[in-house]
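Next come two complexes built around chain A: one with chain B, the other with chain C.
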Partner chain A sequence: MAAQRQASSASQTPHISPAELSYIYTSLSLPGAPIRPDGRSATQFRPLSAETDILPGTNGSARVGFADGTQAIVGVKAEVERTALGIEALTQAEQEEYAAETGGNSKSDGVKQGSSSGQGSWVQMAIEIPGFRDDDALPVFLAEMMREPLVESVAGGGEGGMVGGLKGRLVINRRWHWRLYIDVLLLSQPLSYPLPLLSLTTHLALLSTKLPKLKSKGEEDPFFDDDWDAAEYLYPRAKSTSTKPSSIPGSISVHKVRPPVTLLVVSVAENVIFDPSREEIAVADAVLAISVTHDTDSGRLKLLSIRTIDPPSRLTQPGVPNSENVATLGSTAAAEESVIINPSTGEEEVPGVWRPRRGGVKRATIAKMVKMVLEKGGVGEEVLEGLEGVEVG
Partner chain B sequence: MTDRRRINGPPGGTRPPVFASSIKPTTVAAERPQRQRQPNELRKIFLKTGLIPSASGSSYLEFEPSASLSAARASPQSVIPPSSSLKLACTVHGPKPLARSATFSPNLVLTTHVKYAPFAARQRKGHIRDASERDLGVHLETALRGAIVAERWPKSGLDITITVLEAEDDRWWADAPDSHDAAWGMMNVLAGCITAASAAIADARIDCLDLVAGGVAAVVADETAERGVSAPRLMLDTDPADHRSTLSACVVAYMPARDEITELWLKGDISKASVGIDDKNLTHEALIDGAVDAARGAHSVLAEAVRESAERFAGLSSGKST
Partner chain C sequence: MPLDTSTTYPLTKLRLDGRRWNELRLIQAQISTNPASSGSSYLAMGNTTILCSVHGPAEGRRGDATGGSAGGSGAVVEVDVNIAGFASVDRKRRAGGSDRQSGRIASTLRSAFQSHLHTYLYPHSTISIHVSVLSADGSLLAAAVNACTLALVDAGIPMPGLLCGCTSGMSGSASTPRDPLNDFLDPLLDVSLPEEQELPFLTVATTTSIPTGADEDDDDMKVAMLTMDSKVHHTYIETMLAVGVDGCKQIREILDGVIKGSSRR
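The block that comes next holds the complex of A and B.
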């Protein structure tokens, strides 16, 4: 267990034999058309079921279950909190007072600046995974990985949009703001790396999150409407005006701005594979978590963050080629084996004998993986469109 | 998670009171540090190995203080330093046998531990590692595991401990957090951690594929006198305190001999930055390439430090034999 916990970001080292690893690697690295253990195509996601607004005590919540039985619940709670002012804002306030005293007429534009931008620390995320302590590396790393793109997205202005992104939306006035707690609970054992599941669940929970309607104005202490039906969505909605003949009826309001999603992408030899299962991630050469969201202005996808994840293939046990195996030494089979150079890693390998991965990832591979997520009609758009189909609220 | 067993000081730092009557409205803004280097010019790095005799390998790394910081040290104007420069110490213990209770491992078990000293940042850090420190530890582990040949050391463990003595600021200390606020200083700390840990591992005579070096590049926006915030630009080895706001930053761990990246951490939203101007340089690819260039610069310092360490080791062993 201790060793498992140390293998932090790589999730768990799977108990798969070197022969099995080599078999999976070979079938996944077939040029052009990888054969995945569950028969999916390289960009296909696992089927999932999703529902929102399941926890009445929260501001927003969602549940997502994958077909393999892994399930996650996310609850979002919001609290009102007093804003700690920076020294610049304080001096600005003092300057204004000073100006007012001396009869000056300068009402500096600093007021606007102070109120429109929030702080990233106002969004807190906690992840609970069975078998892990809350301060183990994996939950902490996952929480930071998912919180980062949420608070990073600053665009999304425009009509009915969110000025300053999620951080800007949390500002009530100069002295008060919302603090958002996102609590993620993985109900099942982490069968595969839980990032895609947790990210999709968080996305849906944030979409269904409502904040009470503000009744006070300007710099007053905040005072809210106690009618829950009047509450406003955290991610504002607009009546659907899209001409797309999609599955969404025109009467249902749609979100103009949507929270980001984080996709797990692996590369195996020349192939790029999305939403890897446990066996696939065990043989991956490189694992990346890529966060994207819709850019409301250009309508394209934009990149918010990339993180490498330690591939578990570095921690696997090596296979022994016949030429080095004492039991088969001198047999004809051993003589037939020849060492080849793996084109993607540049390492010497005997075909069919597993070697743990070494080294890093080439820049060209990273660029290829990011491009496949971001390009028009690519995987990122497909995922976001699929999520739009989930009825929220 | 806060530490409940100790009586901790106030979580936020305390600031001396500043009275409105005592300051001229312009003085605060005038003191903002400015970047004196070229966009692609790196800070000087001080890197020395073998300073901690009880560890099997160790290193100490320091970044060159910025011009404003050295000026403030020479003739202090205020009790608050204008910026900070990274200082950290790294120790490597091992390879050593795993504990009896540990499960069998065919590979080297790598443990990384990054801890800020309580006085390292402007905000005091507790004695127990917080989320950001654990996060840094995972990043560092990913960066190093790609370089270490793990199956050469079965059933053994390697502990890497980094103490950050002085961290980088996330922004200029007097700035209110703006819309691009994030822990940008952490990325510089990570780049320093990677370079220092790589030197310490080499100092412990553990063979690796290559020396991994860390580098940072960022897209930053600055204030100009004539028209507010200027157009964002790509710069290498940025000090967040020097700039009005950091839009996006990227840190890589890079192995020059193999041209491979073992760790990549990019964050920030640059879609807005590249809209107004037709600058092909403001893409994530340019950002990664910039960080790789910065890492190449750090690698030359790293190679020199490792050569020094090897010379010292050769001197020691020849001294013993005679």
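The block that comes next holds the complex of A and C.
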């Protein structure tokens, strides 16, 4: 069992026969209008219920439940920690030395300059999935996949913005910083690949996260206001929301900066399908996790990262065409038309017979996926708008 | 951070959270919270919050150590306890999987429910219980017992009666023999986390006995589980137990109300 878990990172492969796989694949690959098993359109998400601030003992928390019964709870805790000054200074000096040696300006140099730079390791993420150990491949992979865009998204400055992104926000002063623990709890067995659920829940939890108001100034040891009502949101909000309730639809009104969202996108033949269910992942040609965030400068969506996820369709059993099946050999069934797809091996595609997907994905398909997420009025904006609708705080 | 219950209590006769000695914390509970499982429940005892889901009775997994052939005579109960990292005041770091506290709670729950449920009705099957502690403020084991009972009722697994857990402690260290003439220590019902860290306490779970005849007294209760980790002089045990059992009785009525209230909807 453990070996099987490690092998397929996308989800435990459901027990679907080759005939069923072929049927689902065919209906999903219909040109232009895929027919999904649950009747959704290609870009439609499953209905979900969400609430925030459910745990009074945390800095921020959220619960999201999909209609199929999978639920996730995220709790965010923050601790004050002393910054290891010596090490940072050393690495900075080393970097400068390195930059001088190579003669080029290394990219990380620009990010890490000054006291406003933070470290990615200050954000820790742990995912708990029932039936899995903490150090199993799936939870570790998922946690890293969600932590990376979160830490690396550096929003533009501007007033009310976050200088240096989340990392910069965690800096208190030169000697002290916040350490953020994000604990993700999946409450049910993962029926489908849990990434979208966990990502949306984390997004809401981070939006509801508050840090105590700092009373000390500058380089003093940090001293906080003990009034929780005075606490400030981790992701700052625009103050004028109450005076201007009529916000322009489509614009991100309350939050200038929002945490990134990771969406799961699959491709089946020429079709691109969002928020896939377990059966749809099982037949997908390619599974991509696309992280996007709202760019404050341009007011549009910005691509943060793309990760490919090992599609479980590679591990499925192939179907046997009638012409090769011993049981039906010599039967009067009409000969199936076969298309030779690889002349060197003689591998051929028979319509209606399942063949495990092998090989990569076309660049045009990836470009299409990314475009559908990023474009104005596209899926990414729709998701972020939907999350905006959730009452936070 | 010792909060020193033992010095303020004799003066005020009020506990840290303002309760008297025989008062339970507010209990809120719900069943059928998670449609993806056979049975599920949410239970909050004061600031202790627990979610519980039950899967099964189902065929045992083939991959596990028992080889799927376990439980030839009855179902096997599996309990998995997960105390969330954000449950306590300070975020806890755990090394690889589970810590000692959750392991102990899991094994206690397993043995309690294995003997409590009518497992003989489901041979060759597994009932797996998953407990997640969202917020921990004392009486974890007792709250977990109550949450599991509700989830098992929701899953429709037959049992002789509701298994209800409660804690009770003493308002001082109670390390010397009890003096009946000068008895200044009070028993405390349903201890919270600061009390639990400082005072001796025990966890008791009771169930109603199977009614055998018509004239059987309805209030007849049996102690099904009893654990105690702290040190106390044996002369105090009886008092603590009596208070704990009485607390279980109150909790049974609350859980009864939850179950009956949810079926009406």
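Here, the second predicted complex is superposed on the first by the 335 of 393 C-alpha atoms of A that agree within 3 Å, B and C clash if a C-alpha of one lies under 4 Å from a C-alpha of the other, contacts with A are read in each partner's own complex, and residues count from 1 in each chain.
Operating definition for what follows: a residue touches a chain if its C-beta (ideal position, glycine included) is under 8 Å from a C-beta of that chain, and two chains touch if they have at least 3 such contacts.
This structure is a prediction, so every number in the text was calculated from the model and none was measured.
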item: Contacts of A:191 with chain B and chain C, given as first, second, both or neither; value: second
item: Partner chain in contact with A:32 - chain B first, chain C second, else both or neither; value: neither
item: Partner chain in contact with A:69 - chain B first, chain C second, else both or neither; value: second
item: Partner chain(s) touched by A:299 [first = chain B, second = chain C, both, neither]; value: neither
item: Chain B versus chain C as contact partner of A:307, first or second or both or neither; value: first
item: Touching partner for A:377 - first (chain B), second (chain C), both, neither; value: neither
item: A:84 touches, of chain B and chain C: first, second, both or neither?; value: first
item: Contacts of A:135 with chain B and chain C, given as first, second, both or neither; value: both
item: Broader residue contact with chain A after superposition on the shared chain, chain B or chain C; value: B
item: Where chain A meets both chain C and chain B, residue numbers; value: 1-2, 134-135
item: Chain B partner contacts - residues on chain A that touch it in the complex; value: 1-4, 6, 8-9, 84-89, 91, 94-95, 97-98, 113-114, 116-120, 134-135, 137, 140-141, 143-144, 148-149, 151-155, 164-165, 167-168, 288, 295, 297-298, 302-310, 314-315, 317-318, 346, 356, 358-363, 366-367, 370
item: Touching residues (chain side chain B, partner chain A) in the complex; value: 1, 12, 15, 18, 20-21, 23, 25, 28, 99, 101-103, 105-107, 109-111, 129, 131-132, 134-135, 137-138, 141-142, 145-147, 149-151, 173-183, 209, 253-255, 258-269, 271-272, 275, 284-285, 288-289, 292
item: List of chain C residues in touch with chain A within their complex; value: 34-37, 47, 49, 51, 53, 55, 61, 63-64, 80, 82, 84-91, 94, 96-97, 130, 132, 134-135
item: Contact set on chain A toward chain C in their complex; value: 1-2, 55-58, 61, 65, 68-71, 73, 75-77, 79, 126, 128, 130-131, 133-135, 181, 183, 185, 187-189, 191
